[in-house]
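Look for subunit A in each of the two complexes below; its partner is subunit B in the first and subunit C in the second.
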Partner chain A sequence: MDNKLLEIENLKTYFFTDSGRVPAVNGVDLFIREGETLGIVGESGCGKSVTSLSVMRLLAHTPGRVVDGSIRFAGMDLLSLPESKMREIRGNEIAMIFQEPMTSLNPVYKIGDQIGEAVRLHLKYDKKKARERVIQMLKLVGIPRAEEIVDEYPHQLSGGMRQRIMIAMAMSCEPKLLIADEPTTALDVTIQAQILDLMRKLKEERGTAIMLITHDLGVVAEMCDRVVVMYAGKVVEEADVFDIFENPKHPYTQGLLHSIPKLRRKTERLQSIPGNVPTPGNMPSGCKFAPRCSHAMDVCREQEPDLLQIASGHRCRCFLYQNDLAKEA
Partner chain B sequence: MFTYLMRRLLGVVPILLIVSIFVFLFVHLIPGDPARLVAGPDASQQDVELVREQLGLDKPLAVQYIAFVGKLLQGDLGTSMKTNRPVFDEIAARFMPTFWLTVWSMAWAIIFGLLIGVISATKRNKWQDYAGMFGAVSGISLPSFWLGLMLIQLFSVKLGLFPTGGNDTWKGYVLPSLTLGAGVAAVIARFARSSLMDILKEDYIRTGRAKGLKENIVVWKHALKNAMIPVITMTGLQFGFLLGGSIVVETVFSWPGLGRLLIDSVSFRDYPVIQAELLLFALEFILINLIVDILYAVMNPQIRYE
Partner chain C sequence: MAEQLIEAKNLKKYFPVNKGLFGRKKSYVRAVDGVSFSIFKGETLGLVGESGCGKSTTGRIIMRLLAPTEGEIRFNGKDISRLPDHQLRELRKELQMVFQDPYASLNPRMTVGEIIAEPLVVHRTATGKERDKRVQELLELVGLSSYHANRYAHEFSGGQRQRIGIARALALHPKLIVADEPVSALDVSIQSQVLNLMQDLQKELGLAYLFISHDLSVVEHISDRVGVMYLGRIVEIAEKDDLYDKPLHPYTQALLSAVPVADPRIRKERIILEGDIPSPSNPPQGCSFHPRCKSCMDICKTTVPELKESEPGHFTACHLYG
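After this line comes the complex of A and B, so read on.
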C-alpha cells in the first residue's frame, strides 16, 4: 500500500524576475503511490503547473528555479541527478501531456516522426520497429486510420485527436508516472469525456500512476483516487477523493465545492469565494487564505497553520482543526 | 503544385513587360547624349546627328520602345553602343563571375549567419549573444569598400595569401565573397536570432524537452525548421541583390561582373546594355521569389499551393 512512486517534500520553486523574487511554489509536500491517480486542484497561479515542471526539471529555460526541498522518484533524488540522467527519465519513466493540444505538437514534422522520436530514443528501436510501435500506440488511443495518420501533419487533425496523439506519445515508452497538466481544459465537453475515459482505460491496463492537474472538480471526481488542494503555492488539504467531496475540511476546499453549480438548487447567483488569489507582491502574513475566509480568526492573520493530519489519510492546513486536535490531546 | 508553378511562370511575362516600360523610360531619363558619346568629343554636330539616326534615337520614345520590345520578344537584346557586340554576349560573359561570387558569398553568409543566430538565441543575454550581435552590427555597419580594402591589405599585401583582385583562380573568390557575405551574414544572424527566440517559447519546444530530447536536437531540429521562414525570405532577397552584382565590391576587387558592367554602361549611356541588365535583375528577383515560395512549402507543411 505504501509504495510511494513520487514523493515531494517541502518543494520551493521561485521565479527570479526583474521585479523581484516570486515564490510560485512555497513548500509543497505530496506523494503519489504506484498506479494511483492524484488530483492536484487549485485556482490559476496556485503553483500546480510549476510543481509539475519542477518534477520534470523543465524550468531551465524559464526564470524559475527550485530553491529548496526534495523530489524523490522510484528511489532517485531527481533534483540532484545530472541532466543526462534526467533526460533518460523524461519521456521514458515520467511523461507529460499539456493543456494545449493545438500548439503542443511541432507543426513541421509528421505525427509518426514525433512519437517515434521518443520510442527510438528511449527504447532504442530502429526506424521500422519504431513505426510499428507508433501505429500500435495510435490504435491504442483510438485514432482511426492509424496507418495513414502516422504520415500526416498535426494541422490536419482536430484538438481532440491531437490530445490523443499527445497521450500516445506520452504512453509510448510505458512511463511509470504520467503528468497531465489540465489535459482536457482546452477541449469540447464531449471530447473531454472521451479523453478522460481513454486516460482511465490506459491507467487501468498499464498501472501507470497519474498526476492530474486540473481546476475542474468534475474531472477530479471522475478520475482521481486522492486529491491535493493547493492555494498560494502550498498544499492546504489532502484527502482521498470521497473525503474531499463528502467531508471537506479546509474553508478553501469547501468554497471550491460550493462554487460548483447545482442543477436542483435554483439560486440567483453562483456561489463564489469572495476576493482574489493574493499576488506574490502582497502575500498576507499568517494564513494565505485568511483575507477571503469566512471563518478567519485573529490567529489566522498572525501565524501560518501547519499541514496537520486530522484523520487517516486526511491532512489540512487550518487552525480550526488544530485547536480541536489540541483539545483532544 | 505543377499547375501552380506553370501559372507562376506564365505570370512572369506580363510582369516583365511592365518592368520593361519603366526601365525604358528611366534609362532615357538619364541626362547625357549617347550619340555624342558614341561619335566622340571631337565629332561635328552633323556626325552626331548621323549617329543618332543610325542608333534610332531620333525617333519618338514610343516608337523606340516598340522597336525595343519587338526585338526583345524575338530574343534579341540589341547591340551595345559602346562595343558594337550583341548585348546578350556582353551580359553572358559577365554573368557567371557574378553568379559564382554570389553563391560563395551566400554560402558563407548562411553558414556563419545561422550559426551566430542560433548561438545568440540559445545563449540569450549571455556573452555569446553579445559577441554575436556585436559581430552582426559590425557586419551591417562596416562599408563594404572599407572591409574589402582591409582584407586586401591584410591577406593580399601583408600575408600574400590571396590575390588582390580578378577571378583567375578559386583564391580570387575568397576575399570578395567574404566582403559581400559579411553584411548578409549579419542580417541572417539577426533574423535567425529573433525568429528562433520566438519559436523557443512555443509549447511544442517544451514537448520536445519533455520527451527527453537533447537540447541540441530541440534547437537544431525542432526549433530551427520552424524559425526558417523569415530567414528564407530575407536570404532570397539578399541573393537577388547580390546577383545584380555589387558595384562597390566588384570595383574594389576588379571583378569582371555585372555590377561593373552596369556602372560602365551607365556612364557611357549604353541604353541597350542598361535596359537588358535591369530586365535581367527583375527576372532574377521574380525567379528567386518563386523559389522562396516553394521553399516555404518545403519547410512548413501547412503551406500548400494549389
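After this line comes the complex of A and C, so read on.
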C-alpha cells in the first residue's frame, strides 16, 4: 500500500489580478497513496481549494495559473499533458465533487443525461447502456425510485439527494481518485452523516483514493487516514490522523484543535488563536503564522521554516522542532 | 430560580403560499407550529435544529420582526405579541439581534462609528460628545480599538465584523440578544474568539441570549438550556447536561449521534436517519417525525405528541414518554 497515486511537489498557483500577483498556493507538497483518504484542512483562503483545482487543471477560466511545481498522477505529469489528454483523465480517472450541489448540476438537463454524459464520453457506452449504468449508479448511492429520478431535473431533489447525484456522477467511471471539496458543508448534520457513510462505503468497496477538503475537524477524524494542514498557501503539518489529533506539533494545528468546542467535553472557555488569517496581498515575512503564534521566536519573523520530517510519516513546518534536529545532527 | 425574562406561549407562524389560478387557493407553510419556552434573566437558551425547522423564524418572532399568527410572547410579564409600532420601538431597546452574515448585516456606506451609533441616534438616547464616548466604549467592550470608528466595514475581517454587529446590538443596554447563527460564517479559529466574547459580555452585563444555531457542539458550549426543533415544533427542551447526556426524543438521539467527533479513536455507532425532512407546507399527520423514527408506534401516526415534562426540567414531545 505504498504506491503514490498522486504526488504534488512545490506547487505554486498564483492569481494575476489588477491589484497584483496573489500567491494562493505557494509551494505545496503532498501525496496520496492508492486507496487512501487524505484530508486537507485549513481555513478560508489557505489555498486548499485552489490546490484541488490545480490538480484538475480547472483554472483556465480564472486569472489563476500554475507557475511552478509538478503534479504527477499515476506516472503522468498532469501539468504538461495536452488538454485533450487531460479531458480523458478528468471525470474518468480523477473525479471531483463540490460543496454546492445545486450550482454544480445543470438545471436544464435531466439527471440521467448529466450522469450519462460522462459514461458515454469516457466508457463509450451507447445511449441505452449508459442509461442502465446511470440507474445502477443511482441505486448504488442510495437514491430511491432510481428509474424515475433518471428523468427528473435537479430542482426536484433535496440538497442531500443532489449531493448523492454528484457522487453518483463522480463515481460512474470508477475513478482512481475522488476529490471532494467540502462535500457536506452545505448539508444538515443528519444528511451529512448519510453522505459520509456513503463515501466510506464506496471507498471500501472500490478502493478509490479520496482527497477530502474540509474545514471540519470532526469530518476529518471520521473519514481520513492521513491529514495535511494548510495555512496561507503552504502545508504546515502532515501526519496520520491519530498523530494529528493526539500529537499535533505545529502551533497552528494545536490552536485549531483547541479552538473547537467538542461534544461532551465540558470546557469552560475555548482557547482561540489571536488575530486573523493574513490576506494573500499582505503576507508577513518569515513564517506566515508567526504574528499569531505564542511560541514565535526572532528567527520565525525573519526566515521561513521548511517542511521537515520530525518523525516517521510526520512532517512539520516550524522552527520549534528544527532546532532539535539541528542539535541531533 | 431566576426571574423569567421572556415567555413564549404556543407561538405559530404560518406563511401563506398562493396556489391555483390567480392565487386564489391558499395553502400555508407552517414555519413555526406551536412553540413554547421561556428565557430567564442572564441565561442562554440554545435553539438547535436543521434547516427549515423554524428556529430562525422563532427568533424573528421573539424580536417582533415578524408578527406571530397565533400565540403570545410575554416580556417582563407584559404581552408584546400585539404591540403597535410606536410601542415596539421602545421595546427594541431591550431586545436586540445579531445576525449570521457579518458581510450583509453592516451597511457598506457607513463608517463603523456611524453603524454603532445608529441605535443611539434612532432612539435619541445620546448626542454629541456623549454619543461619541459611548461608541468608543462599545468598541473597546467588544475588543476593537477606538480608532476603528472611522473605518468602513469592508476593511474588517469576518470576525471583526461580527464584533461590530455585537457592539451595535449592545448600544442600548438590551436585556436579551437574539443571536441567529452568529458564528456559522466564521472560520474555526475566529469562531472561538467570538464565542468567548459573547460569554464575557454575558457575565459582565447580565445579558440573556437566545442562541440559534445548527451546530450542536457550539450550542452545547454556550448554552444553559437547549431546545431542539423539528418541523416547526420543539421536540425536546432541557438543561444542557440533561439533554446531551440523556437525550430522550429519538430525533435528538439521531441528531447527536450524527455529529462527527474530532477524535479518530471514536468510531461511534451512528443512528442514520432515513430520508429527508418533510416539507413544512405538508407535514406528516400525527408526530411530524414519525416517518423517519425507528420507534414509531401506531399512535404516532395519528396524534401529535404534547411537550410534557418527562423528568424534572426535561420536556419531551414524544409518545414514548407519554
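In the analysis below, the second predicted complex is superposed on the first by the 321 of 329 C-alpha atoms of A that agree within 3 Å, B and C clash if a C-alpha of one lies under 4 Å from a C-alpha of the other, contacts with A are read in each partner's own complex, and residues count from 1 in each chain.
Please note the rule applied: a contact is a pair of C-beta atoms (placed from the backbone, for glycine too) under 8 Å apart; a residue touches a chain by one contact, two chains touch by 3 or more.
This structure is a prediction, so every number in the text was calculated from the model and none was measured.
By the document's definition of touching, of the two partners only subunit B reaches A:118; subunit C does not. When the two complexes are overlaid on their common chain A, residue A:311 makes contact with neither subunit B nor subunit C. Looking at the shared chain after the overlay, A:90 reaches subunit B, while subunit C stays out of its contact range. Judged by the touch definition given at the top, the superposed model places A:283 against neither subunit B nor subunit C.
One of subunit B and subunit C touches more residues of subunit A, and that partner is C. Judged by the touch definition given at the top, the superposed model places A:107 against subunit B, while subunit C stays out of reach.
Once chain A of one complex is fitted onto chain A of the other, the partner contacts of A:56 are limited to subunit B, with no touch recorded for subunit C.
Subunit A meets subunit B in the complex at residues 56, 58, 61, 87-92, 95-96, 98, 100, 103-109, 117-118, 121-122, 153, 155, 166, 169. Every residue of subunit A that touches subunit C in the complex is listed here, in rising order: 43-44, 158, 160-161, 188-194, 196-197, 215-222, 224, 241-242, 245, 255-257, 259-264, 267, 269-274, 276-277.
If you check the complex, the residues on subunit C that touch subunit A are 50-51, 157, 159-160, 187-193, 195-196, 199, 214, 216-218, 220-221, 244-245, 254-267, 270, 272-273, 276-277. Subunit B meets subunit A in the complex at residues 200, 202-204, 206-214, 222, 225-226, 299-302.
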